[in-house]
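For reference, the structure I am asking about is given below.
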Amino acid sequence: MTRVTVWNEFLHEKEDDAVLAIYPDGIHGQIASFLEKAGLDAKTATLEEPEHGLTEEVLANTDVLIWWGHMGHDRVEDKIVDRVQKRVLEGMGLVVLHSGHMSKIFMRLMGTSCDLKWREANERERLWVVDPTHPIAKGIGEFIELDEEEMYGEHFDIPTPDELIFLGWFEGGEVFRSGITYKRGNGRIFYFQPGHESYPTYHHPDIQQVIINGVNWCAESRKNYPAYGNHQPLEKIGRK
Amino acid sequence: MTRVTVWNEFLHEKEDDAVLAIYPDGIHGQIASFLEKAGLDAKTATLEEPEHGLTEEVLANTDVLIWWGHMGHDRVEDKIVDRVQKRVLEGMGLVVLHSGHMSKIFMRLMGTSCDLKWREANERERLWVVDPTHPIAKGIGEFIELDEEEMYGEHFDIPTPDELIFLGWFEGGEVFRSGITYKRGNGRIFYFQPGHESYPTYHHPDIQQVIINGVNWCAESRKNYPAYGNHQPLEKIGRK
Amino acid sequence: MTRVTVWNEFLHEKEDDAVLAIYPDGIHGQIASFLEKAGLDAKTATLEEPEHGLTEEVLANTDVLIWWGHMGHDRVEDKIVDRVQKRVLEGMGLVVLHSGHMSKIFMRLMGTSCDLKWREANERERLWVVDPTHPIAKGIGEFIELDEEEMYGEHFDIPTPDELIFLGWFEGGEVFRSGITYKRGNGRIFYFQPGHESYPTYHHPDIQQVIINGVNWCAESRKNYPAYGNHQPLEKIGRK
Amino acid sequence: MTRVTVWNEFLHEKEDDAVLAIYPDGIHGQIASFLEKAGLDAKTATLEEPEHGLTEEVLANTDVLIWWGHMGHDRVEDKIVDRVQKRVLEGMGLVVLHSGHMSKIFMRLMGTSCDLKWREANERERLWVVDPTHPIAKGIGEFIELDEEEMYGEHFDIPTPDELIFLGWFEGGEVFRSGITYKRGNGRIFYFQPGHESYPTYHHPDIQQVIINGVNWCAESRKNYPAYGNHQPLEKIGRK
């Protein structure tokens, strides 16, 4: 059974009653809940726990890590970011949600600013499937419609994705590469844009399905690693 | 005229007479020399200069930076790496040569270990062109043959390249993605594998041509930037 | 000087006065006109000319072919499609515009149905730049706005593009991969979505700039070709 | 259970006793045999059967088609190629082996010549894994070694693959993109280079594993399709 750790900074819920009303168990609690129903083994971890809840032991027992962060990005310690990056390169999957685009760990793995345009205007979003054969789009129709989301718009300052699965359309005139995948080392990464804290996005069944699919896809990482360093040839070679 | 800064750690030449005999003006001097002949404005910078020769002013006046490093990777200060990364994301081109694959700046921009297999056995390499329409392969035949190079072999722990231009074949049984490109922010990056310090690789006319082509390709970066942050919609929207 | 042949089926203009009013010299005439002003050598060819105006000689003297077709796709003879495909694989560039997505030549080079969603509703389109470093986006701001265009929407049944440069946003709720590139053989291909015959799209300066950029990018194809077939080894090998 | 049809032209085995000695049940029989052992439902079809064994009914009941052809490429009827292409675009997987690179169906789906360099010299090949996280490389070490194979060398005239999984190294000095994937329509395609008829390649356990993996990966195609054509907007739009 795939072991998922759902990490959430868990700050908005403590400071804003409107957010808490949508996510009484926190965003992490809500996500863990629907993952469990899908047969995954889901635990949670949050910013204000010791080591942000991401001890060596926790990460060693995590197949896929989900990351939701926003106002607390800077409070994540660099040594924990180092640890998470190391585990991704070893083969742990990573699902980065919404404002996690500017988390230290995502920027570390991308090498770019990961910046974008944004706007909070309660506007409609449509997420169009552009790669219908991809396992992450399994069970989804031609698009997902969200009555209200935060706008995230291009230019999104990321490396060229390995795969482009969802394109976001926003009522106010913008588009966004909303569902994208990357490989880094032995690990697989899925970034998925929806999920502003003040909307009930993680209660939407299609959004839940995509996150479940994303976890399953990221869990397929390899466990036996290439060797690096000095390597012997087929036979004696060279002309000196 | 494209302004190139050729950065070399310049350590092997000071410590090893055999290397100095091949590159009496340093690897940086040799590279700057053939770039100048190709009509480029080439300056040099080295590790042991103040700020490694990469002051704010130098970088502000550099269109493309070439990077050769090996034994001194750890001696490059993090604040200079930050500065170079910032300039790449702003649009400065970057050509990373040979053992620069494990330089701090390349690992920073890639997000992976950038590790590989290697062997020093004076063996033959063939660099095959797999993207003959690419400007970086202009003027090159079907392959470049080097009588002796250090073997660099897969698995090469890098993100999927945007473009794969050269594949390296080594006498002892290995292959390598030897010429690859990436975009990061507004900057373009070209990694090119040949150039071990104990072989006269940078005297080879085809290798010189590829580096000149690579500089020209990286110099095409854009100078006007997207805006990030809060963004106004087409018109009043939303339903709250 | 780059030699461009602008091919247009030239049927709508003959049948519909409203189209003729927008393009009194035909869509081909309008495109050739702004290419000439940009210093390119532009000729035209149309469906009802002998061999559709695409004789062996014409194609042999064409560096980049532009293709606009719609209601006459089926009237293009297969032997001419064979001829154009052969020239693209030899290195002629190809710019396919708007409804050319279902031309025989584009489908031939893609291998898919190239189908899509569409709607004629005089709606606004925004073309967002998602690859700001690409030469085809040179001189363009963050987006191009068209007051009215035909909607083209995903899913667009194409192979994964080599590069994604523009994403289209439509007022009615759709998105589209509107500016994309491919390499096929020695030839480069650029598909660009805007240009419905009943709107003055090819009079828009930004659209003109993108097409000029596209022609220049496609013209960079290589003229010396790889050898195929039986190939001799480095030296005697094998163990039989 | 995934339903596989193994198609082989089945000509070399009838004409050449040395080939028959290696594959007494034909190449198709050998491949079907190890697929069955892996729990797949494998049937066979050959060139000289009516409709080449690929009737509408057979294809309607095929999840993944494997293709081995060589001397008989031209004898495959175009209407059968049309039928297979249609099924791939609908979502049937396709595994193309070795000399199938110049089959009508592969060229049709690629749009290029699919040509390459080749040599029969009983030389050693090494297939290096360059994408260790890919499901098609599951269970394979860092490389597969074949004592003897036909050399296939670059330049391989194909579209840029969606994914590059294996790189081939040949004793005589060449490299090859030996394991590559594409998506076309709703179908997935895997091309795998080894398998010259005069070597016992399909008896090699690692080669068998890769083909089994490839079938499983291609079988993941989607069964519910996007709608194409005229599409209604969110609400009334437009300004005319």
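Which chain is which? They are A, B, C and D, in the order written, and residues in each are numbered from 1.
Throughout what follows, contacts are C-beta pairs under 8 Å (C-beta built on N, C-alpha and C of every residue); 3 or more make two chains touch, one makes a residue touch a chain.
These numbers were taken from a predicted model, which means no experiment stands behind them.
Q: Touching chain A and chain D alike: which chains?
A: Looking at chain D and chain A together, the chains touching each of them are B, C.
Q: Of the chain pairs B-D and C-D, which one is connected by the greater count of C-beta contacts?
A: C-D
Q: Per the centroid of Cα atoms for each chain, what is the distance between chain C and chain D, given in Å?
A: It comes to 31 Å between the two C-alpha centres.
Q: Could you put a whole-Å number on the gap between the CA centroids of chain B and chain D?
A: 36
Q: Could you pull out the residues of chain A that touch at least 2 other chains?
A: 129, 131-132, 142, 153-155, 160, 173-174, 183, 226-227, 234
Q: Which positions of chain B touch chain A when the two form their complex?
A: Per the stated touch rule, the residues are 85, 89, 108-113, 115-119, 121-123, 147-148, 151, 153-155, 157, 159-160, 162, 171-174, 182-185, 226-235, 237-240.
Q: In their shared complex, at which residues does chain D touch chain B?
A: Residues in contact with chain B: 126, 128-130, 132, 142, 153-156, 160, 164, 167-170, 173-175, 177.
Q: Report the residues of chain D in contact with chain A in the complex, numbered from low to high.
A: Its residues touching chain A are 91, 124, 129, 131-133, 135, 137-138, 141-142, 183, 186-188, 220-222, 224-227, 234.
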